[in-house]
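Quick notes on the structure that follows.
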């Protein structure tokens, strides 16, 4: 470890200390991401590890990054809860010579690269297409985001709403974007409120991985599994039990472990003075031929899961 | 009498608090069926001795034997189990519980009851209250009762447990003549039943009346002990203080003294009605009355703590705004409250601060305080009132009752008020300090202050006042000049 | 047992602040010994100096209210609300990123005014409404947070001029600006508490509110001033947070309320009023930060830090009550032992 | 009459009624069995926690660690059941959680009763210690596939049916636990000497000591009892939410629960408080946080409304008390 520091200070290649800072610790989405980070560490011999705050609070995330700066890590890979709130602290990290890579934050300024699994507006539109199919193209629906400042969540929801307005005029969005802070119970509480305020509601679109689980529980409690449609970003390990009962109808995702791995790979490349270019193969499924747009690296695959293919994804 | 079985024997008990020796190598015996009086000035160690006996505090040295069994230290549970009931100086009641529960709690606990026996509790409480002869609402919450009734509840609680020794630490301070009589009668009956009583009081007459043996403490040491018959008020005083005291009466009032305070038609429904009087510069005006006669409410109204519905108060010809203590104080009215511990003192704060808080504004120096001046001033007042404080920076809590009272007095005197209202100025104060406080009152009057003294202690009123108002049921029924007043006359006027 | 320390030392250690200072030095020494190459670096010192002022200032706000026997649970709500007032002014009225220093100062003044107003609201509830401070500020805190949400719809406000970064990220004479701000506020508060009539009255009132009324202390005005001061301190903390995060949002710093209370109590402030010194609070802040940074250097998880903070609080309390000589501790079952033998 | 009017219980009940009336006017479907069931369900965990907080308040203390303790209990229990006894039925799991809670409560009790430390500070400390210990040494990962026993319990319904308009409603058996806890606590507080001693200590600890009440033992038992209630509340919470989250936001319910109890008339100074008041306080908080949308108020205003209610609920009695005091003093 001491050697690692000395090496980093001299600017030679690895092993490096790379910290992955996620939105919140403990939820399956980021547990899965941690597997990728650990895999990267095992594969490359770098000291790669993951940390996350107890609550999805941008301030707590900034404090953790501050800690990483003080620890003197070589690179930070971050999934920002709120990109704009992190700019100053990431700026300080860069000033301290730390390489910064982000994920799910295409607008982030103080980074070398941002990694997106795919074009987020398209993903949002696909979720909407699934929702619309399920709803028969008509009825009321509501949308959920982890935070109004979480960039991808808003891109998905905005993309979905635009797609609905263009293609399904008989559907209506009710209420504002519901904020759930990546917490299943907040999603449950918000779903209950929506159900009470809009008794005729038929559809829900979730964004944080925990959203559909919270919505699903509220649906099950009301026995509305068959009369309602719930789609959103999630993982089988989170939403599986609700997909089985029909409370949740479809989920979409990209594998967080691959995203975690790729963030670390890119960080290592930057540390080694390498550049990412369009068409490059970053070595993981879905990132075999990435597109570069400014600082943003796009992969090209998402997965859609429903009752039928649930068993194919054991995470 | 000496052949009776000793109930409690304390040998060589010593107790120190952070450097203060509250009790120093004291031997003390109580036998069944006898009443022992514990006498001594403020801070002489009476309450401390009682606390050791009750297991509330632990002695540094010495042994306490109960029925011949020595204990290095008592615990409250052991004390209660062996039949010791205490009426503490601060009552130690449960303000949130009912009268009935307060009275019966100790007894129920001693009996080891596991479940609540509601009817039993009420019956016991009713029976005990009957013995004392006071009708109190059994379901009233104790915290809402006036001080005197709280004291009665505390007495009843001690009586309710089948105690073999009842310790009374100044049980009569808040009581009026009539209630004191009833209590003394009860003590006589208890003695006849073989119950031992330890009685602490600064009212020497009642001490000598009720007890057969007297133990005198001074500065934590036992300085005298003997049959009550061998003492009289004078010799007792000498033992307590180590000197003879002469009470000074009020100096005659200058007939041309100007009127300072005029109170006109002051009324507050349910408390007092149509109060009118004047107070002249240099005059000491006494107010006496029975429990609940409205004296305290009136005093608080003058100080702005109670808002009267009608009436006018003028000081030096200027109207005093009603219902605002700040403006009353600003106009020159001071008030030394009845309940020292809750209303008077900042117990955890230093003695100096307790005095200094009265005159913070006077020590301003720009935005800051002149700390040195403030401390100097406070020390000066402590010295003038002869407050016995080993360390003026120590919390005021560490002082004995009488010294605490002087601290409150010092705070107000430091403000140089035009009018000072003293509610029970010598409640729980020993004879030595009491005479000194009376001298202070006389001195204040001589310097042109108007003083109002509210007291149940008739000799005190006679010793200090130029004039005495008698209040009955919220009205002033009589205005007696000092020369026409006698203790018997006043007592009769109040009792009727 | 070790030999009794010299009397001077033992008298000094009778003060909670002195013991805390000792603990702080110990923590520093241990951390420096365990990770000297990381802990004893200028980067670490700077990083620490940037981190703690925002919650340390909130701890000062808690301190002044706790001295009166109250508490202000609305500080984080006030801080965010005030930051949002300032940022709305900067971005909606002023030309956002192009705004000059004049606009910035105006926005700071508006935030301070909002803090004072919020504090006044609390003060009125407590002084004139007679509400228990815990509940008054719990309720008002929800209202301030709610206002912040309503004003912004819950999103972060951003797009400030470059000069806005100075308060949270700049340096003067090599010292981080937030540190300087905290130092000035702490010194000022310490002076106010120990050298002014207001400070003395605050402590006396905290010791016994009823006696304060009987001693003709102007209680209502006192409480108003205390809560206004608390509100303004919270506003300053809010501005620092806003500058450091380059944005303002209704839910920043949620964990700071508890942290601030923890620091105040650790610093020896009596939560029931009447006792507390600023120097104790400063020592507590530094202790917490040393501990926190040191554990970070040792790569201990941030959850373990929470554990250690709590344990430290309890430990300090145990030490304090032991030396304050809680007689209850020694009042065990009746012991017949040594004294019994003398008979 | 006037004493009844002046009580918090009456006031809170009045506000609840008013709220329901406005609710019914704004939304005809508001006064319905499904709404009632939703509210009852939402009140189970808060209600049990509030009863615990009440007991501590009555004893003259304050406990800010209950939700933290509840989370430890729910997580440790779930983890144990999942890894060691996956077949364990819910009754044993509940017992286990209550025991874990009681043990943690005993830690509070030892520090408070044994060492004589102030309750607020101890529980402020253990709030962090419990949570920090859990996340550092036990685990920080959420368990969303609860063991069968717990999932079965959450699906077991006490009442279940369909409303006239076809809407489905249900009330889980967990509700019976709230009822049981209230009855048991009522019995302990009002019918046993131990309960009276709790009141006595809250009224005046020094007086209690002097009269021979084993103050430390009673305090210790209070914290053990409250710990057990916390553990029970925790496991019920996990089972109803179908997730054992070591970073559960139940943590943030501590102050609202405290507010509910005080709204119901318990005093922070100790010695005063009733179960009726506590339940009313909880009802009000639950009602408000669950039905603003039905009243047409956007949920961004929720905290403003709850804030105002807390101010109203504590302000009116405080103001009344002040007036009464001014009149009497």
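For reference, chains read A, B, C and D in written order, and residue numbers begin at 1 within each chain.
By our rule, contacts are C-beta pairs under 8 Å (C-beta built on N, C-alpha and C of every residue); 3 or more make two chains touch, one makes a residue touch a chain.
These numbers come from a predicted model, not from an experiment.
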item: Chain whose mean Cα position lies farthest from chain D; value: B
item: Comparison of C-D and B-C (more C-beta pairs in contact); value: C-D
item: For chain B paired with chain C, centre-to-centre distance based on mean C-alpha positions, whole Å; value: 42
item: Chain C and chain D, separation of their C-alpha mean positions in angstrom; value: 29
item: Chain A-chain C separation of Cα centroids, rounded to whole Å; value: 35
item: Residues of chain A touching at least two other chains; value: 54-55, 176
item: Two or more partner chains touched - positions in chain D; value: 135, 140, 300
item: Where chain B touches two or more other chains, by residue; value: 75, 305
item: Pairs of chains, among all present, that meet the touch criterion; value: A-C, A-D, B-C, B-D, C-D
item: Interfacial residue positions of chain D with respect to chain B in the complex; value: 190-196, 199-200, 202-204, 206-214, 270-272, 326, 329
item: Complex contact set, residues of chain D against chain A; value: 29, 34-35, 38, 41, 135, 140-142, 144-145, 167-170, 241-243, 245-250, 290-294, 298-300
item: Residues of chain B defined as touching chain D within the complex; value: 54, 56, 75-77, 79-81, 86, 88, 91-97, 101, 105-106, 108-110, 113-116, 143, 297, 300, 305-307
item: Residues of chain B touching chain C in the complex; value: 18, 57-58, 61-63, 70-75, 78, 305, 325-326, 328-330, 335, 337, 342-349, 353, 356-358, 360-361, 363-364, 367-369, 371, 411
item: Partner chain A, residues of chain C touching it in the complex; value: 38, 43-44, 47-48, 50-51, 153-156, 158, 165, 168-169, 241, 243-247, 249, 251-255, 293, 296-297, 299, 301-303
